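By written order: A, B and C. Residues from 1 in each chain.
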Amino acid sequence: MKLFGKVAVSALALGLVAGTASAQTTLRMTWYSDGNEGEVLRDLLDRFEEANPDIDVIVDNVAYQAGIIEGLPVQLAAGEGPDMARVTDLGGLAQYYLDMTPYLQDPIYWEDNFGPFLPWLRAPGDELAINGFMTQLSVTGPFVNKTLFEQAGVDLPGEGATWDDWAAAANEVASALEVPIPLAMDRSGHRFSGPAISMGAQYFDADGNPAVIDDGFRAMAERIVQWHQDGTMPLELWGSVSGSTYVGANEDFANAQVVMYMTGSWQISQFSDTIGDAFDWWAVPNPCGPGGCTGMPGGAALVALADTEHPEEVTRVMEYLASEEVLAEFYGRTLFVPGHLGLSRTGVEFDTDNPLAQHALETFSIGVATFSPVSFQLQGYPFNRVMFNAIISRLGQAIVGEMSLDEAYQRIEQDIEQQIAERTR
Amino acid sequence: MASVVRFLTRRRGGSGWHWTDMAAYAYLGLGVLLMFGPVAWLVLSSFKTQAALLEFPPTFLPLSQVEVTVEGYDEPLPLFSVTDEDGTVRELAQIRRVGIIAQMVDPADPETRIEVPIAQREPVREFALATENYTKPLEQFDFLRYLRNSVIVTTVATAITLIINSMAAYGLSIYEFKGRTVALGFVISTLMIPITVILVPTYLVVTELGMVNSLWGVILPGAATPTGVFLLRQYMLTIPRELIEAARMDKASEWQIYWRIVMPLSLPALAVLAIFSVMWRWNEFLWPLVVLARSEVYTLQVGLNAFQGELQVQWHFVLAMTVVTLLPVVVVFAFLQRFITTGIANTGMK
Amino acid sequence: MVDQTLDTPATLKSRAAEWAALPVRGVMRLLDWPMRLAQRIVGLGGMPYVFLLPNLIFFGTFVITPLIINFAFSLTGGPELFIEDRPFVGGEQYGFLFDCENALNVSTCREDRFWRGIYNTGTFVFFQVSLMILFSLITALVLNMKIRARGFFRSVFFFPVLLSPVVVALIWKWILLRDGLLNAFLTSIGLEKILFFVDPTWAMFWAVFVSIWAHMGFYTLIILAGLQAIPQDLYEAAQMDGTPRMRVFWRITLPLLWPNLLVVLVLSLIKGVQTFDEVYVLTGGGPGTATQFIVQYIYNTGFSNQVQNFGLAAAASMVLGTVLLVLTVIQLVVARRKGGI
């Protein structure tokens, strides 16, 4: 009975969408969630399946570290990957992506709306492929606990304030109110790179080859080490784990233990839940330096994978999810900064009545437009993960005193050189 | 040290209370606190809301703020206890907070607004279990299917492990044969290789065998456990040889000796291995996660760990789901507790 | 002194039979005929090999083959997964690991993390194994006393053995965080908060503590079994001779316990070197690299870094395998001499 029903429905669908598919196709999508995006995606896909009974999309929800970072690359390399996946190592996995261009109904729409982000997904040398879209544009930048500033009677540093100004202000607030952590920054090479570029770091030489260590980079690295020594930054984040392990300060910030927290736009949804209205968590523009006032762009993309047996159907799903209306709902409900130029221009109606969240979304959306070109070059570089890993793991060792900063610089350069050589062997 | 040794070696059966008894009970009491306390804390924490989990100092019981309906306001308002400068304490509902000033209202007198510095208010709270930590993920995921997969993996793998390991242990303990030392060394040396370090090559083998995304890919690779062979062999060495010789006289086949004589006599050791195998399989995470990439074959550990995102761990779900995966273990243990501990004690490897 | 909680072999057997033997019996019957046939073909002398065969097939497929592939990996480079796509680099990966001016000073090594991993593992194993044996022994001695509710206490100490390493680490991490239960306790008695995961010594202490917490129950039971097997009349005789209790412990208890202690030593040493997930989840290997162990180094290099380097990880795991093999051989020789295993 059930089977008959399904057959009947697909037959009906056949009549409607003449000749696109003969039987039901099952597609697999590997997905991870930081917040509610998995639920929203399922909602949207349910609607798609209703309208397209010939396609069935199964979402495999995995843990990020184990599923996306560790498992997926090996599965892809072995030819056992899914049809679509949500990834963050955008350029690193480029060899496995499907170029959807031949199947897309309207490639111009993709070029127009995802233009700046498409190169992030392309393999080196490729300038045309359309592989996917950003489920989330993440923008790094600081939040401050404005309520603490008010309680301490310290004014927020104004436009053009440098990292030193902010560190001084945060310290003033912290000592006035006995808050344990003046300044926190996620333990991540990606997070560090925004401030470093603000200080003038170039990351690449004139030919586009990696040249990470320069005066700008040193300026920020020295500050970071100094801040850990004088107690401006807490050792628990950068000093507590090894390697490239990520650590955030969400809990401490939500608990009003942190004056200023350098993180990014993806926190908005969680802060709305955990902090709500308990204090003013206030997104502020990135502090400035000789290199500008920049954070890092980044984010997660949903990509189509080349191993799929159903490229046409995959493209249909991707087209649906990337369509302006659907994407507007997705960004709106997840409180993600849109990675869609049309939506960035017209604005997305975010599903929150928290004025703090509204303000933060606005601040990040405006901020990304002022980012340094170096930050975009770095984000688009396929081996940027090599750099981020080397930076964070070596700086971490320098902070706890396992090596000097000069040694750390040397090892960062060696690590990057050795690992890129290994990848391109 | 000397006194410890003294009370520990004193003759048992002495009458009356001795200070060593006190010391022993103190040690055991501390043990109970140390062993059960952390788990109890996990369970209590798993019933707290996401916001309550982040509080310091943590509250002992899961609490949530009391909300009251005040005339003239559509939404229920959170209730605070406010201490005035003169020390009087009032219970007020908060309308909103502007900067460091809270606008509050007395539920008995909804007309008047009162402005209170936020440092003077404390939330009024009551005991409440955040059961949504459990219900939400369990609704969202195909819990029963994951449970079924976990049960299949655990039982089938344990059965295979018991049979092939006991056969190998039998072969290594009952017979004297050429290459016995080599085979034994072989087994023991593989005891030393953790799967974590040969994960990628093992994945390649499983891929070649076409077992990716199949429960067999999880069941088979760990079936031949060196620890199991080692444990069983040590136990089987204690079985009197005369029994086996007698059976051979009676023209019993080797297979019959194995499963009618040696197996029943090794039951305590087999039980121990069974328990360990169940625990290993039930708790296995990394390997299934790599092999099983499709949600219909997910085991509980894989499925319920999807709450760990890139940048944020949803602690309230993680803790609740940890408790869920813990439950079957606790139930099994509660029923078989005596059997398990005496079973291990009886394997007494000599 | 009949132990109330100890089941007699008969009841134990019947209860076990209920749930264990039922499904097994059918399979055994099914296998009866082919095994008789096998015995007729290979004879009695060939039977041990027949019994070993299934296990060897599994070992061969899922342990030995991967080990061989692993060795091949260690001689190749590049990001590809399939051996045939990977360029041969000879001993380059090993050379990279051993590129040291002075192996005792890790910072002169090109890949200092590998060496730090080895030394950290050594420190951890030394403290973990010796303290594990000490506390298991004390606990077993206490549990062997005439105490009430012995069965209950025995299960209390055994209970954590059943938890998965990840759960164990999560539980303790939850307690030891800056805003965790332990710091709440410390502040409530007027002390300062301690940031346990920021100090290398504290981090190592808790790594050792938590792993002892999780595994002690198992070793305690093994020792307890040994204690219960020591004949009571030996103690009574010593008592009558008025032998000092210290002497009784050193002269009777410890020597008779030796085989059990040896098993505990062997198993805990092996498990100690392999320690990974519980410490990884607990401390993340930090601070700096203070609790980054060798298995974690291999795991990070070959798998969990977003830049997976299969060749280097394979080389490191071959080195680890060699070290472990040497350790095992030493243990087996010692055990044989002492008449243990």
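As a working rule, a residue touches a chain if its C-beta (ideal position, glycine included) is under 8 Å from a C-beta of that chain, and two chains touch if they have at least 3 such contacts.
Just so it is clear, the structure is predicted and the values come from calculations on it, not from any experiment.
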Note = Per CA centroids, the chain at the heart of the structure shown is B
Query = Counting only C-beta pairs in contact, which pair of chains has the most of them?
reply = B-C
Note = Between chain B and chain C, the Cα-mean centres are separated in Å by 17
Task = Could you tell me the distance, in whole angstrom, between the mean C-alpha positions of chain A and chain B?
result = 33
Gap in Å, rounded to a whole number, between the CA centres of chain C and chain A = 39
Request  = Could you list the positions in chain C whose residues touch two or more of the other chains?
outcome  = 81-82, 178-179, 303
Request  = For chain B, write out the residues touching at least two other chains, lowest number first.
outcome  = 54-56, 200, 204, 285-286
Request  = At least two other chains touched by the same residue of chain A: list those residues.
outcome  = 65, 70, 74, 78, 251, 255, 257
Ask   = Which chain C residues qualify as touching chain A in the complex?
value = 77-82, 87, 89, 96, 107, 110, 112-113, 116, 177-179, 195, 197-198, 200, 203, 283-292, 296, 300, 303-309, 311-312
Note = Residue positions on chain A within touch of chain B in the complex are 28, 30, 32-35, 38-39, 58-68, 70-71, 74-75, 78-82, 88, 146-147, 150-151, 186, 246, 248, 250-251, 254-255, 257, 264, 266-267, 270, 273-278, 280, 300
Note = In the complex, the residues of chain B that touch chain A are 50-51, 54-56, 96-97, 99-100, 118-119, 140-141, 200, 203-204, 207, 212-213, 285-286, 289-290, 293-296, 298, 302-303, 305-312, 314-315
Request  = Please name which positions on chain B make contact with chain C in the complex.
outcome  = 2, 4-14, 20-21, 24-25, 27-28, 31-32, 34-36, 38-39, 41-42, 45, 54-58, 159, 162-165, 167-168, 170-172, 174-175, 177, 180, 183, 185-194, 196-202, 204-205, 209, 220-224, 227, 229, 234, 253-256, 258-259, 263-264, 267-268, 270-271, 274, 279, 282-283, 285-286, 301, 318-319, 322, 325-326, 329, 333, 337-350
Request  = Show which residues of chain C lie in contact with chain B when the two form their complex.
outcome  = 1, 5-7, 9, 12-13, 15-17, 20-21, 23-24, 27-28, 31-32, 35-36, 39, 44-45, 47-52, 54-56, 58-59, 61-67, 69-70, 73, 81-82, 138-139, 141-142, 144-147, 151, 153-167, 170-172, 174-175, 178-181, 183-184, 187-188, 213, 218, 221-222, 224-226, 228-229, 232, 235-236, 239, 245-246, 248-249, 253, 259-260, 263, 267, 270, 273-274, 276-277, 295, 298-299, 302-303, 310, 313-314, 317, 320-321, 324-325, 327-328, 332, 341
